[in-house]
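There are two complexes below, and they share chain A, which is joined by chain B in the first and by chain C in the second.
Up next is the complex of A and B:
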């Protein structure tokens, strides 16, 4: 543990990321598009009535929140960890008196801040244009914060252990693509989980993906009963513990195998 | 004739290059399956909740998805990889290597558009055509020669429009090197997954007239469902011709601006 060194690393990473902000703004714009498409499709489908119990304005509120949550929890560093291992750049990081996890977390935090500079005004503008119907209260707002943090941690560590499989196979990023596809289908992106057909809905509730994005959004838009809320909370914690255990185990096994390619 | 022979040579050389990495085949297969699967399942979810939106039901929207997947496969086969060498990340215009490209004894635009092929995109093409076949079967109104002819014409127009827009976005690199214009186009192109009729009015106009990506998929899909008027078909053929001429002119103008990077 070396928190002071970790913080210095976070600061320097943030400053270097700000240099390339137009590139990151472009990335943020591109990640915003898929949820935006579903926002438009579902709100057009709802028209003047309701679809699956949601009105047009409620769909808009749901998806605008989802755009924010998706961006806040998206762990883009999971894609770069594999490259570090493959190309041997992990060597430099391993020599530092600081766990390489800090480096990943530093980029993660730097990215979040740069992306938010773009996403928050964009969502505010969309909210002005599309007139969402928010049912958020102080209570749901208060619950939203811990679920969002858990969602971020879950998505990060779930992707992290998948990315660390690069110690064994050079093409482990295929698994990250699979994870992205499952997130698209089951995490509330293509439709709110309540609107998914039977078997997909059960899968969404059992698997970890909904707890990475969809769950905090449902909490904030007030779609959940108290029972569902606690159950979802418990699922988040359990899946996070699983992801943490797997990350630690894969890291320990992988570092022993690592033979420093290139350098 | 010389140009056809050159295209064959380019394709062969790139195929030898790409097929050396055999594990890529399985990764590409995974990616195309995920892409097709999420697309189809997305429609299943949407039409599990509603019957039709603005006249589009499940089979006709599936036909549109087939058109979208086929078009993006052709783009991935040669248009995308070729133009990316010029204006993509670390592209030639940015790095100055474009000097050597310009010196070759062949038309600049032709070379920039056809020089690199990605044979694994044929997997995407097969899946796109598969979805089209499934949709035609679901539409169940028979498939006459006249249908096939109009569909072929509409597809050809769509391909030319796609190529022309990509060329325009690529040519902009001469004015602002370093900005990834084709990524901006990607964001718009994703919206062509759904019929323009599923978007609100202002966006429908933009996707038809400003960045005509909606037109690209909607018109061929309508040719299959029988909802296409002769005027629409003629209009899209005319638009294709105009855009192609305009894009070529812009590309030439850009070429004249190119002043090499210092190297």
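Up next is the complex of A and C:
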């Protein structure tokens, strides 16, 4: 472990990416579109009444928070780890006395900073136009921070072990696309989890995807009872442990295979 | 006797590669029952390199050079055999080992493409925990040796191939490695940049005492840098020794080029001389290495010689002969 090395990596990645800020702004804009569409759909459907207990303004608050959380937890490096392996660039990283994971984490953090430069003003502007009804309190705000961090870690490491399957298959990207589809359906994107039909809702509560996006949004918008909150928190921790274990195991096996067959 | 920098014994790497015949039917069959082929990339290679040595590692494409370097730098597990570099087993990839070695690849870059080299150098300095004062001194020294002050602040993608190679060398040497693996450092570079890099490597080796194992297809690299040569062919080590020794063993003859005055037609030549070319008054003769001086004297005494040179056969021709025949 070498914090100064890690920090230097973050800075340099950030410098690289600032060269392409317009490209990253475009990506951030693209990722904003689906939740924005559902924001408009649900707030129109609610009209002057409520749908599933949520009013128009509450839907706006939910989706604006979701746009932020989605950007902050989106692990774009999951898509690039496979390239490192396929193109043999992993060799350069393996020659350094610093685990390649740090390089990936550095890109991840650098990316967040670049995206936030775009997304925070964009959400603020939408908030001015669409008049959300926030019920956030100091309490929910305090709880939101750890759930957001856990959500990011869970989403990152869940994608990381999938991405590392590139050690065995040149087409591991398909699994990442599947993960994105499941997130779209079950993480509170297409509709808040509370509004999903029975079996889908049960799946959402059991599977890890809601804990990557929907759960922290529900925490901040004050939709959850104390019991639901602690259960959700526990689910985040358990799924994160699963993701970490899988990542470590796939990494070890992958490196052994890489070292056996060559990059 | 000091402990060797690199010790390799019976190092062997066998790749297990999938294979199938062309065509749809074969591709379907390979889905159900994939077949594999064992390919020996490196076969029982042994050698020892002392601290401060610069050793050339040559062989045709696919001979096993890069596979050997990858095992020594810890990127590949061997199938069999042992290796110790600086006392470490490379493929355990301990941080203490990685901090003391460097591998520079002519065809792979570790520079960050979009930002100036100085930024990449700083990151590497931090990754290898080089103290700031030490970092600056090393950087200044390397930059001066390679004459590249002007490149430091331009984005890497705007640099030429030769300029980028200079950056790769700096990046690889900032942490004062004790062993340097160089894989075709002069690939694709023009003659003067090649010469510049060679001068740099000789000078750096002299100053720092670094051990260098270098692969190259340019015999000029090897001739200029490496007193000692390892020649590998089809995974097996064919030769380990001096460059001149290799030439002597393979081509036990010298070439004599003669210019004779006008009107000397079909001169009488001493015994044991083979004529290679003959045009106008110029002759190229091949003679046994041991007889060369006697025959030269005889030629000068008996013929109206205007000019005479004695040469070794071109190195490339010698090497080509081994690559083609696969034996010494």
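The rule is short, and it goes like this: the second predicted complex is superposed on the first by the 258 of 263 C-alpha atoms of A that agree within 3 Å, B and C clash if a C-alpha of one lies under 4 Å from a C-alpha of the other, contacts with A are read in each partner's own complex, and residues count from 1 in each chain.
Assume a contact is a pair of C-beta atoms (placed from the backbone, for glycine too) under 8 Å apart; a residue touches a chain by one contact, two chains touch by 3 or more.
Quick caveat, the model's predicted, so the values are computed rather than measured.
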Chain B versus chain C as contact partner of A:197, first or second or both or neither: first
First, second, both or neither for A:177, with chain B first and chain C second: first
Partner chain in contact with A:33 - chain B first, chain C second, else both or neither: first
Which of chain B and chain C A:252 touches, first, second, both or neither: neither
Partner chain(s) touched by A:185 [first = chain B, second = chain C, both, neither]: first
Partner chain in contact with A:135 - chain B first, chain C second, else both or neither: neither
Touching partner for A:94 - first (chain B), second (chain C), both, neither: second
Chain B versus chain C as contact partner of A:41, first or second or both or neither: first
Partner chain in contact with A:16 - chain B first, chain C second, else both or neither: second
Residue ranges of chain A touching chain C (in the complex, touch as defined): 2, 4-5, 7-9, 11-13, 15-16, 19-20, 88-89, 91-92, 94-98, 256, 259-263
Partner chain A, residues of chain B touching it in the complex: 23, 26-27, 30-31, 34, 37-38, 41-42, 44-46, 48-50, 53-54, 179-180, 183-184, 186-187, 190-191, 193-194, 198-200, 203
Touching residues on chain A, where the partner in the complex is chain B: 22-23, 26, 29-30, 33-34, 37, 40-45, 51-52, 170-171, 174, 177-178, 181, 184-185, 190-191, 195-197, 200
Residues of chain C defined as touching chain A within the complex: 15-16, 67, 70, 73-77, 91, 93, 95-96, 98-99, 101-103, 105, 108-110, 112-115, 119-120, 122-123, 125-129, 155
